[in-house]
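Note that the chains are named A, B and C in the order they appear, and that numbering of residues resets to 1 at the start of each chain.
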Amino acid sequence: MSDFVLEADAVTKSFGALSVARDISFRLEKGARHGLIGPNGAGKTTFINLLTGVLTPDRGVVRLGGADVTRLTPEQRCRRGLARTFQINQLFPSLSALENVLLALTERDGRAWRFLRPLGQHADLIDEAMSLLAGLGLESIAARSVQELAYGQQRLVEIAIALASRPRVLLLDEPAAGVPGAESRLILDAIEALDPDIAVLVIEHDMDFIFRIARRISVLVAGAILVEGTPEEIAADPAVREVYLGETTHAH
Amino acid sequence: MADATRARERATAHVVTAHRWRWVEAAPWLVATGAFFLLPDYMTLGTQIVITVMFALSLDLILGFAGIITLGHAAYFGVGAYACGMLSAHLGWTEPVSALFAATLVAAFVGWLSGLVLMRYHGLTLLMLTLSVAILLQQLANTYSDFTGGFDGLTGIYFDPVFGVFEYDLWSHTHYWYALAWLAVVFVVARRIVYSPFGRSLVGIRENALRMHAVGAPVFRRQVAVYTVSAGIAGLSGALFAQANTFVTLDVLGFTRSGIIMIILILGGTGRLYGAFVGAIVYMVLEDELSKLTPEFWEFGVGLALVLVVLFARNGILGLLDRARSLLAERGR
Amino acid sequence: MLVSIVFDGVAYAMILFIISVGLSVTMGMMGFVNLAHGVFAMAGGYFTVSAMVAVGMPFLLALPGAAVLVGVASLVLERLLYAPLYNARELDQVLLSIGIVLMAAAAFTFAYGPGPVSIDVPDYLSGQIDAGFRTFPTYRVFLIAVGAVLAVALWYGVERTTIGARIRAAVDNRRMAESVGIDVDSLFRFTFALGSGVAALGGGLAVEVLGVSPGFAIQYLVLFLIVVSVGGLGTIKGTLVAALVLGVIDNAGKYLWPEGGAFIIYAVTIAILLYRPHGLFGRSHG
């Protein structure tokens, strides 16, 4: 049994001649706060899709809690403790925030096959869902349908749904993308308040945001990991500056 | 503290009380009972309406709740009708209740088997496959006329009195109550399913299948499950149809029947259970009255109603009532 | 006998092709599930009859006349009913087009009566052509010729002209086409009118072979959809191949096994769609 809850080992994927993931090796330990950055088109979302099982790698292995999950579907991986949010909101638009979270809870709990007792009588699940929403400051809008919510609140519901799976590993795909400054503060707070045992991988464009959260950062360029290190190391790395920040190393 | 508890109660009420019976839900059953005493001569039509409500209800489970589109739901209605009819005509199985159960199981089995294949497809491909499966069954029934009666229809269907007591009469009074009792049973079951965690997960699949995958839901198996239940209920309504008419023709499997049941459900309103009642009553009563006068105007009217519903009233008649009610509530404030 | 089964099948297939091809391209471009396409063919049939009977127009003039009339008229329908639903759910599109079919059936019953209409095809198209080893019905030879000419003309138009290149781009990826400055909306209107007009031509040709009555659009709705989805959306070649395969198989089945042959075409359709969900020549979008 390894100490790493999520591992990618030499994962490679291409679409025809286009290579979107090249030999990516990557590890998350229990309680990790890891950032993934890279320029547009570097393959960040592709990498998330490979980790979650939306895509299957051509070569390489993905391990979850030490077990090989390379051939498992997204739903099987979710049941083994891998949850994600989406870059573009994937909610249940006409349902309330509470119902959104309850759907994820009943799946995690294995109660979603029960077809006789009404959901409204599963008081323990409703309590748990409300606590989850309260933890993200969403208690007061629990009854509103999510399509009516402000964009920032919808992003928080995304996170609430992912947390409802009670994951060991949480992948956040640009959680603050498109969220106005004041509201992105809420999302930052929510991530900082997460259970310290959950391993978190955050993709984000906003450098301030990622430097606030991440204890380690990987830089993905053209489908391959360019460098990995602490935020300080990444900030000081000339190669990163050149490729990612678009600065030249000569500009001292 | 009490405030916080009350706030939480308010926030969760829409889930906690969703499944509770409301007084207004007695309306369809009061209407059905009232119709019997006020219009005893119309019970043949009444029986057909009750059967159609059940068929539309089966479609609502997959179309309205799980978001599965189909152009071939008559396949399961027809399988139920032929199974029930053939049990009596060929095997002499004349006990009605057990024959109904048997036909339901056959239709559910066919639903499960076809669902295992069909639920792997989406969109236009799924539409074309459901359509083709239903017509294929219809053509097979035509080909194997030794068993099905083919084009001339299946005759020689006879059933004993219900529970050996209730004889059938010329005015379909027994059939009416018999079908209504079955509808009540099916409705309670469907209502239970819809408000259960399973039923809610179907709504989740309708709203966003991608997200359901990501929260660990076995989407495919769940779709097959509800498809099977829906096929069983459609088969039950088909079997009641065979028992009430003691005659089954190829059109029980036809595209027209699949289309009309969809029109009925859409007119009434999808994903709300009662759309099946409203749609079936409105459609069949109007059809009975208008198509006798001028069939062209009736056909044109149905087409026009459909276009108007799609363009202006996506949630059907019940959706319009909802809107009117909330408008009135706002005025009243 | 084999020759005549195949020959009749091909003639039948040509009508399927001519009517369905416009549907394939418009569905491929806008992703609109249109069950009402047969209405244009039906209207073409009726207008051809009217032009000949009421105005005394010769057959070969009535056919294109009806096609132009239907093509222009279809634009009204497109703006009024189809356009609001381009981004709607498939279910809404299905329902809208079923509504249109029902209204059209009722309207044509009202105008022309419930029975089928017929025409007298000119003498030079009736009778038989002697090909030396056997004779062929002239009208079916004419059908195959028209189908072949149309197929070549459409293929040339789509593959070799600028406007064709734009249509291909729009079918391939609508958003991409828009971003490079193609006016997809007016391109679509043009294609829609052309497809409806060609379908009307097919309807005019079908009067003599299939018969045209108010039930035509409903009766053949399934067949046109099958041809389009088996061929693959947005491909002329696919529609032609699917029409030929299904037309010949259907004809042969009904001929060789009269009491059972009707289900073969549905079995073939299911088999093809299970194996290739986007049709023989279609590609998955997205």
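Convention: contacts are C-beta pairs under 8 Å (C-beta built on N, C-alpha and C of every residue); 3 or more make two chains touch, one makes a residue touch a chain.
In this text the structure is predicted, and so the values were computed from the model without any measurement.
A summary of chain positions shows that the Cα centroid lying nearest the centre of all protein Cα atoms is that of chain B. Distance from the centre of chain C peaks at A, each centre being the average of the chain's Cα atoms.
Inter-chain spacing, taken between the CA centroids of chain A and chain C, is 49 Å. With centres taken as mean Cα positions, chain B sits 41 Å from chain A.
Averaged C-alpha coordinates give centres for chain B and chain C that are 34 Å from one another.
Residues 27, 33, 81, 84-85, 88, 90-92, 94-96, 98-107, 109-110, 218, 221-222, 225-226, 229, 233, 259-260, 262-263, 266-267, 269-270, 273-274, 277-278 of chain C are the ones touching chain B in the complex.
Only residues 52, 73-76, 78-79, 83-84, 86, 90-96, 98-99, 102-104, 106-108, 111-123, 126, 130, 139-140, 142-143, 161, 164-165 of chain A touch chain B when the two sit together in their complex. By the touch rule above, chain B contacts chain A in their complex via residues 7-8, 10-20, 192-193, 195-201, 203-204, 207-208, 210-219, 222.
Interface residues of chain B facing chain C in the complex, by the touch rule stated above, are 63, 69, 71, 117, 121, 123-125, 127-129, 131-133, 135-136, 139-140, 142-143, 145, 255-256, 259, 262-263, 266, 295-300, 302-307, 309-311, 314.
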